[in-house]
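Pasting the structures here.
Here chain A shows up in two complexes: once beside chain B, once beside chain C.
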Partner chain A sequence: MIKTLQKSTWVYLFTGLMLVLLPFFKDERWFLFLMIQIFVFGIFAMSYDLLLGYTGIVSFGHAMFFGVGAYSVAITLDRFEPSFMSLLLGIVIAMAVGGLIAFIAGILTLRLKSHYYAMLTLALANLFLVLAEKWRSLTKGNDGFTFQIPELPGGLEDHRNMVIYLFCLVSMVVIFFGLKRLTESPLGKILVAIRENEQRVVSLGYKIMPYKVIISVISGVVASFAGVLYAISIRFVDTSVFAIDMTLDALLMTIIGGVGTLVGPIIGAGIIEFAHHYLSELSDVHWIFERWIILFGILYILVVIFFPSGIVGTINHKLATRKQRKKEDEQSDKLAS
Partner chain B sequence: MESIIKTKDLTIAFGGHVAVNEVSVDIPKNQFTSVIGPNGAGKTTFFNMLSGQLTPTKGQVFFKGEDITKKSATERARIGIGRSFQITNVFPNITVFENVRLAIQSRENVRFQMLRHFTKYKAFADEAMSILETVLLKDRAKALAVNLSHGEKRKLEIAMLLALNTEVLLLDEPTAGMSLEEVPAILDVIKQIKEEENRTIILIEHKMDMVLGLSDQVMVLFNGEFLAQGSPDEIMENETVQAVYIGGSQDDKHTSEIGTD
Partner chain C sequence: MDLFINLAINGIATGMLIFLIACGLTLIFGLMDVLNFAHGGIFAWGAFVGVWGYSVTQNFLISIVLAVIAGLLIGLITEYLIIRPVYGNHIQQILITLGFMLVLSEFIKVVFGPNILAAQKPPFLQDYWLVGDVTIIKYRAFTIVVGFIIFVAIMAVLKYTKIGLIVRAGVMDKEMIQALGVNIRLVFIGVFMVGSALAALGGALFAPSSGVAYAEMGMEFGIFAFIVVIIGGMGSVPGSLIAALLVGLSNVFMAYYVPSLAMAVTMILMFLVLIFRPEGLFKVSGVSNK
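== the complex of A and B ==
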């Protein structure tokens, strides 16, 4: 078991290294930008899967953390001079506010039946959307605003996109390994048990609430950080970061890639972002390609019907059954037929 | 005799239906007490109030003299009241091994550790495997619980309860639905626990022969009412109990099982 675990870790590290080298071979602007989006949404979708896949909590308002992160860093950099200190301050504010909101929402509703959490998060996200639209002095309303990010020292400024690419990649890899450890810790195991059967968790002597609140806060903090990266990468923020589409994207990425895994959401983010990019280009061929959300709707339905455990889940399942079959064959034909 | 669990006027109503009605009993410490009664007598509901799954409408539950009526199921598990469920209640989409490991982890108070890898707690894994061996489930350790047969799930229930290692064990029909060849092994496990020091077992069971052989005490519930409590012999001779069982035996399979033994 330990051995296969290490093997997978090597695979992840190797893939990470490949991604580090990638922009040295292919550094077109659009491509770097696309990859950055994948990293950002990979992080965002992973944070979503902590709730949905690992703990069984359905949130329809995950965009609010993303939006809070994006606005926090944008406003800080806009109000103060665009230095690294301001950037750092923005990140700290983003994560603190994101965590606080997750904590309050969690305390208020996680005790109740799961659909209350889904509904409250939906309502809260909408509240933030309206707030961002109306509080013009702070957010410039629907128009949004552009802002400066700190200038990079020396010759790096000429390779700014590359630096942002690497920063987002490293963030994703670090968060991936951090969350992997979390999900494989004793606490992570309790989260999965909660997803499986709350009543049984209680009768084993565990409480439920502390775990739900803890994971909700961690998820909120990570999602806020994804929002920070998003804003930095486009140097612009508007109210769309609070839109329900953001939450649906995270949901879609998680489900396509594989619920209850961490690689899944990243792969899902890759598929969705690439599909989005290429399908939009096909809009000259047929108008339907411009309405890619329709295509994704169809894709979503197909995945739910044919691969309910997503890409990674299906592969894992195939591997497991193959292993099992091999073992059974070896043992004897006692279990066969 | 010293009692470990005591109930006073324990009552619960679902809507208008009183499932358990003013039951006041003493469960003796370090003894084997069986709870019998026909289907729908309120046995499981009574258990649910002892372990905290249900809150009584009226009355109290005491554990070692302390009123625990307001304590949550979580707290009761921690102070030493463990239970297994009649309707199998395991974690379906995780492995059999992990189901048991989670119980050990709780008993060992490893609740908020999120930085260490779970495999670092090797003692938990070893113990989980040895418990699975005890209940004859070792070769299924890697299977998902959802893929177990009914009898195997019953064994897993017992394994999880053993893993909790509580002072009081509430067993709700542990052998129901097991194949006949499997039952003796599970009974052996239960007998083994009985031999250990500081163990109070309360068992709900339909098979009267099993109850008589194992129990120090038998308590009878009927229609939510407490009917009688005493040694197996006393219960067999009790006229009210006889009347209830013989009277209700024609149309009730389980009751006739008890009646004929």
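== the complex of A and C ==
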């Protein structure tokens, strides 16, 4: 069993273990919080990459899944007593609603050109934003609301941030390996084939629609779960979870980190979150840092044009060509001798 | 009755403004197979340049002209820098134009400041006419007239001029047009610039009627324009007019009677079209949606 694990899996497990130990050395609140954000957005960006990188579907409304997840768990915990049962209920509701929305959006537009899914999700996300602003009795509008999360048993309550940190980390690692398994399964191979050449997949006898709908539902469910973690980690929810900025963040993380890989989005999430943190401190130095969206936007455009496969993709590509070259060298050496 | 007519005029005026954005979007899509998510950003730029121009020159006509020039320039820059490197790759086009949209709307905040600008109507369009017991706000009538003139002009150009012939043929079959010795690249740039200018014109007309210009309006109206293009049929100019009027009217009426459902009704319209007629109300031959 252990022998069959890939070398990369060991690297991932080792990194995960390091991250588990990290808060025992550096447990300032802001740092833990930043790391939690990275895990949450790492999950969110991975779910995004399932669509963009693996299947070639562009969604501009991914924030709606995130927001639905955040609001579902927040409202459940707010309405019922903050116990683990209502937390579980909230998570189940979040994932069910997220999956349902993804299903509806999918069957409506995935048979059409990629533009349609992008436009429909953008419009739907906007609808949810308006809904969250207007339905004040449920969402408390623009102000948002705070809520209690279940109390932890015994001495763990004093280390609540640490527990949330570990919970988010474990969730991310589990989802990472789950999705890795998914993308390496026959289903994942068909998705990549659809991305590369739809016509050919059709002529091989596959129906494309079910696969696309399945992956959009999975992606929606995972994104809702990221929203749940986000709400739990800050114990507050407002309409900003539905904003286009959320989708943009996922997009940036995926594109910069590397589309079509699962590590890429996590690395992207790390870079973007740290950049957010340090750039907002720099705003005293120069006003341009207050408008950091411009910097990110320009960076993003440049990456789309010049490095369409992102950091991880570019590194992988370099490694592959080097290996190839080495092989060729060896072969030519053999031929020469 | 008074109320009904007023709402109807308001709806048609809003529809005309949406049409100005949507017709550029639909033409660009039909001809170049590019969906420009940055189109709404140009609308917002038109609004800001218009408001700024009016506050500087106090001349409405000049402010409109300035906005249109800004639209032409931004269109040129967008086509040259953003669209050209990614021709033929749909996913990259969608991604890059959304990125440019955000850069455009953030740049508005850099140039004009982060605050909402107040926009004034020119004096000769400020009040209203009384027809019987119906009040007609002059500015809305003006918007409708301008929108209608633009529609007729576009249709006339497409139908009766050589350039229009080339554009219509290009929508149907790009390769054939190229084979006949037409420089399709120039046509692309031209259509892109005109489409952007129309969006900027829409923005410049919109700001005085709503009284404000804000950077996020690009995204808001961009979404309306996408919905209109889906409903009307991608690539069809008359389709986008009909759909824009439909969206404008339903939006205004719902906003008056059931305000919380105003956005929902537009979405329901789009859902119905996507379920029963995914190619839109007016299908254009040569433009495929699959």
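As a convention for this text, the second predicted complex is superposed on the first by the 325 of 337 C-alpha atoms of A that agree within 3 Å, B and C clash if a C-alpha of one lies under 4 Å from a C-alpha of the other, contacts with A are read in each partner's own complex, and residues count from 1 in each chain.
By definition in this document, a residue touches a chain if its C-beta (ideal position, glycine included) is under 8 Å from a C-beta of that chain, and two chains touch if they have at least 3 such contacts.
Model, not experiment: these values are computed from the prediction.
With both structures placed on the common chain, the touch criterion links A:A275 to neither chain B nor chain C.
With both structures placed on the common chain, the touch criterion links A:G56 to chain C but leaves chain B unconnected. In the superposition on chain A, contact of A:V163 is made with neither chain B nor chain C. Shared-chain residue A:L34: touches no atom of chain B or chain C. Of the two partner chains placed by superposition, only chain C is touched by A:L112; chain B is not.
Judged by the touch definition given at the top, the superposed model places A:P308 against chain C, while chain B stays out of reach.
Of the two partners chain B and chain C, it is C that touches the larger number of chain A residues.
In the complex of the two chains, the chain A residues touching chain B come out as 1-2, 181-182, 184-190, 192-193, 196-197, 199-207, 210, 214. Considering their complex, residues 29, 35, 37, 82, 85-86, 90-92, 94-96, 98-100, 102-103, 106-107, 109-110, 219-220, 223, 226-227, 230, 234, 260, 263-264, 267, 270-271, 274-275, 278, 288-290 of chain C touch chain A. Residues 52, 56, 58, 60, 108-109, 111-116, 118-120, 122-124, 126-127, 130, 134-135, 244, 248, 251, 255, 291, 293-294, 297-298, 300-301, 304-305, 308 of chain A touch chain C in their complex. Those residues of chain B that touch chain A in the shared complex are 51, 53, 72-74, 77-78, 82-83, 85, 89-94, 98, 101-103, 105-107, 110-119, 121, 160, 164.
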